Amino acid sequence: MQFLSDNAAAVHPKLWEAMRAADAPQPPYDNDGLSLALDAVFADLFGRPCTVLWVATGTAANSLALASMVPPHGGVICHREAHIETDECGAPGFYTHGAKLLLADGEGAKLSPAAIDAVMAGIRKDVHQVQPQAVSVTQASEYGRCYSPAEMASVAAAAHAHGLALLVDGARFANAVAFLGCEPWQACEGAAALSFGCVKNGGMSAEALIFFDEGLADLARLRRKRAGHLQSKGRFLAAQLLAMAEDGLWLENARAANAAAAELAGAAADRLLHPVEANEVFLKLSSAEREALRGQGFSFYDWGPDAARLVTAWNSDPAHVAKLASAIRQL
Amino acid sequence: MQFLSDNAAAVHPKLWEAMRAADAPQPPYDNDGLSLALDAVFADLFGRPCTVLWVATGTAANSLALASMVPPHGGVICHREAHIETDECGAPGFYTHGAKLLLADGEGAKLSPAAIDAVMAGIRKDVHQVQPQAVSVTQASEYGRCYSPAEMASVAAAAHAHGLALLVDGARFANAVAFLGCEPWQACEGAAALSFGCVKNGGMSAEALIFFDEGLADLARLRRKRAGHLQSKGRFLAAQLLAMAEDGLWLENARAANAAAAELAGAAADRLLHPVEANEVFLKLSSAEREALRGQGFSFYDWGPDAARLVTAWNSDPAHVAKLASAIRQL
Amino acid sequence: MQFLSDNAAAVHPKLWEAMRAADAPQPPYDNDGLSLALDAVFADLFGRPCTVLWVATGTAANSLALASMVPPHGGVICHREAHIETDECGAPGFYTHGAKLLLADGEGAKLSPAAIDAVMAGIRKDVHQVQPQAVSVTQASEYGRCYSPAEMASVAAAAHAHGLALLVDGARFANAVAFLGCEPWQACEGAAALSFGCVKNGGMSAEALIFFDEGLADLARLRRKRAGHLQSKGRFLAAQLLAMAEDGLWLENARAANAAAAELAGAAADRLLHPVEANEVFLKLSSAEREALRGQGFSFYDWGPDAARLVTAWNSDPAHVAKLASAIRQL
Amino acid sequence: MQFLSDNAAAVHPKLWEAMRAADAPQPPYDNDGLSLALDAVFADLFGRPCTVLWVATGTAANSLALASMVPPHGGVICHREAHIETDECGAPGFYTHGAKLLLADGEGAKLSPAAIDAVMAGIRKDVHQVQPQAVSVTQASEYGRCYSPAEMASVAAAAHAHGLALLVDGARFANAVAFLGCEPWQACEGAAALSFGCVKNGGMSAEALIFFDEGLADLARLRRKRAGHLQSKGRFLAAQLLAMAEDGLWLENARAANAAAAELAGAAADRLLHPVEANEVFLKLSSAEREALRGQGFSFYDWGPDAARLVTAWNSDPAHVAKLASAIRQL
């Protein structure tokens, strides 16, 4: 009974169907009909013009976005626990040719306008210090917390006030929108680019890098090729994204994952390290308690010496979830 | 009737099956059972120990290999028409952080030992000049020519005599082995790394980056992650590669493509710009002749003002091939 | 009366003489007799074999050293207020091609073994996280604090225990040695490389990048050229370094600067933010007090809203120092 | 009697004077009065607004210029024998983060409009190929040949017609202007940036990187710092450049070097590999002849098996020049 991560969950049947249907003669790279359809489909989803590039991973999506926003001598303000800082082996440094991540603090791995202001206040405007050009926030955050529309708008406003572009790392964007119950654009308001996650939400190998600032997209296209991310059979990536967007599948999957997480949270209210808003549950659990759960067949990651992280997915088995909830209650 | 490229051909049914079978719970990244099986399967195929990393594209495979062989202040000797020089938007420069491609000449886009020696002879051993660290050859070459085992061995010997590591770009390695009728290892003898192509040969999104010099593989693993090429559901890439290796599917597919190309070549002996050894056919064709063929429903790329490139694939329709052969004869 | 920085102080007469004497026909780059003499002179100074490369700035020295120790996917542990982090516009990121600075805390801008251990404890050994390869400490630190021989040895031991190479940024190394009264090698024990500062200590345009791990020097030579730091008339840089090393001029200059700082510190014991060990004095001074001092003709930098930094140099005028000391007393 | 290179010649007395005069208290970096005076002095020299940055070497000047013109995924058209291609250890690749030098041919190491057009004609405008953004020419060229004002204007026009910025590598710009007898601006007409050489012409450690496109200068300032080329006592570099510009010293020095080269050329009319226009003389000389000359005390570089390169400098001793001319005549 697996609660390790959503990043290895099964691929949704509708995506399999879409990929199989895409296996017909088409021009290579992103010149096929499916790839060409992405802009319009996502423009419709977000209610505003955008340019969409498929890439294989969130790391590539975030890094390409940052590289098109930030020069090598620039910087990116992000949370100390942001995925781009802690879990991408320095990928932003690779893609931006050495730009710096400037770390800020904030509850729940979320940035506030004040945190952005504080970083900026510490930087002299001269050639001796790295000058920030962008802010990156994660929606939902690395602790499964969501920026409300008002919060996102205020973060964007703070960024813009300093002349900084905003990237939203949306590896679990669907989970955030499902929780917030808002329009998709409200969950990333003011962003110049959004990494719209698909892999963790039932995809196989495609993420959507969405540019709302279209001037950045052309740069990103060249850099995508240069990074070896322009797949010749790109139609299979486009097919996944289109299937996900169609009929709200992305939200449906996210709601299922969120509901499973909420059920676990309900069983462990006194153990929660963070409010559960998306599909990640961080629990105080002693070493002995973790051992007990694992002995019952549940797998999950330790989170330091006294806690654990449980992640649900679009296809978390309701029976497994119920069993785990019950097991936690009985600890 | 499509003869544009093999890089957009359909995915082989056995690969679809393998991917579907891989859609069971597994650890993420390359910790799943399929990814872990790659080393042994390819070691068996090549009759020697090796380390295999899946990546999504040949560009990524070549660039990661070069980056693990060549420091930023180093150089790579390759043919003037090598794919890494002409068609990867500078990807090797990105991955190696600025190492230089040092261009050599040679018939059929093939390098000879003499060409390697000539480049080396022009380089002073001092800090003012870029010092080469690697040689890259393409098997089959960009003009569909193959290095015989003896030729490959002599190229490797020349490289090694200068202290250079050898990379074999094998985007169409299967086609070369099918043509040469040799053991796989003979077609890349002396290579420290091989990009073993799968996408052009019936794959969807996986190439095998094979290191025979295992010391290089660990560096490449870090760089793969850093480049955003470590997919979390890597099991689907591994599945493609394993299916391709199983029961000689890779050779079977390549033989079919080669046979189709040979049929076209047979119909155009007096028009051939290059002997046809793999699955690419370069023909002298006037603008009017090309127009005539296109008028009959054949699609292909121009190759300069007076020629065309026809590429066959594992699934080229025999009826289409026969029609095109006949149409060429009747020009 | 200037107490802004030692980095713009006059050039020592003996260095002028040495440069003039070097203006005779010599081979270019670092093939002149003066450049060739550096290794032996500094080996003698440090009592151990070393390789010395001149460069124009401390930023270049530090960055070249780090680039020869740390791969692009690696990291460098340093203090949060290290010059390489705060004042070099990301130069280490440029030279290392994106390696990360991993920030640690410590009193007086000094690193402790525990701080190094703490950073390492937070890093998983996998491909998802940047793996540190080096530690950088500043001697004297950015707050003018010195590592005693025992402290430096313990920092080096901690670094080595984790497999990390040690760089000592010695922009004010002379001031540290003058304060510590130890042998030069004791002030950088265990370092693989040392940026031996000269410019702030009476030089014009030369710093010595000293490698005690000679294997690193050859890489650094190539990178120095590639960075445009291999000056063709390098003999003038070598001349400065040799003059500085001769007859202990470097220590004599540093002692003068330290004595001036000590005099100021003596006048402001109750205002000191940091013990004064080298040639920097950080004082609590209100805005009004700073204004008062400036009104008497003293120049210096603000250090936040309620403090100031005063820096002395090898040629600080004793009369100016005495006046400033007196002025501070009378505030 | 030294004819190896002008890059190690003595420093002109007026530059020594200027540097000594600069050894007074001044703000650090490029905030001193001398550095601040550069723009106006060179604007006057070139008859147009410009922004001037001092740097220590021509390699740094060229690379910083290119990095401000060309993105990492871009390219630079230059001659196959350009210094940036052959003698800078890949520095442009380092500074531009991997942009490609696209090599063209041309007599005397000079580019023609046709050569530029030919490179551009070979490049498809798509994401698969590196897209050029700049042209770099060397004035005087690596074979001592000069672009006439008309030639330079036509090269610039060709570059601009393709949307490419022009860099003039003027390591020996003074020698070219002295030969051409034109206004300085005519020798670099249409350039966005010029590396104005000083070191080979009697300088010690300063080159002027001149931007006529001022938008590029701000980027270059950041990159200069980041490359460790922002010297804290920059006033000594500015002093050299100002002294050189004053009263036409730069032209006076260049004329002396050119005259010496012309004298040698006059003695060897039948041996010249290239017309002698600046201060480099390329002569057919057998191995035995070179040995004979060396036996008489002349030093110079071989230029392949049957030739030699002789370089004169601002301070070539007339007696040495006359002796060498006579010795060549008597071979």
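Letters A, B, C and D name the chains as they come in the text, with residue numbers starting at 1 for each one.
Note that a contact is a pair of C-beta atoms (placed from the backbone, for glycine too) under 8 Å apart; a residue touches a chain by one contact, two chains touch by 3 or more.
Only a predicted model underlies this, so the values are computations on that prediction, with no experimental measurement involved.
Counting C-beta pairs in contact across B-D and across C-D shows that the higher total falls to C-D. Of all chains, the one whose Cα centroid sits at the greatest distance from that of chain D is A. Centroid to centroid, with C-alpha atoms defining each point, chain B and chain C lie 50 Å apart.
Averaged C-alpha coordinates put the centre of chain C at 34 Å from the centre of chain D.
For the pair chain B and chain D, the distance between mean C-alpha positions equals 42 Å. Within chain C, contacts with two or more other chains are made by residues 72-73, 88-90, 94, 97, 127-128, 222, 225-226, 230.
Contacts from chain D toward chain A in the complex involve residues 71-73, 97, 127-128, 131, 219, 221-226, 230. Against chain B, the residues of chain A that register as touching in their complex are 2, 4-5, 7-11, 16, 20, 23-28, 32, 55-61, 63-64, 88-91, 94-95, 199-200, 204-205, 222, 225-233, 236-237.
Listed in rising order, the residues of chain D touching chain B in the complex are 72-73, 75, 86-90, 93-94, 96-101, 127-130.
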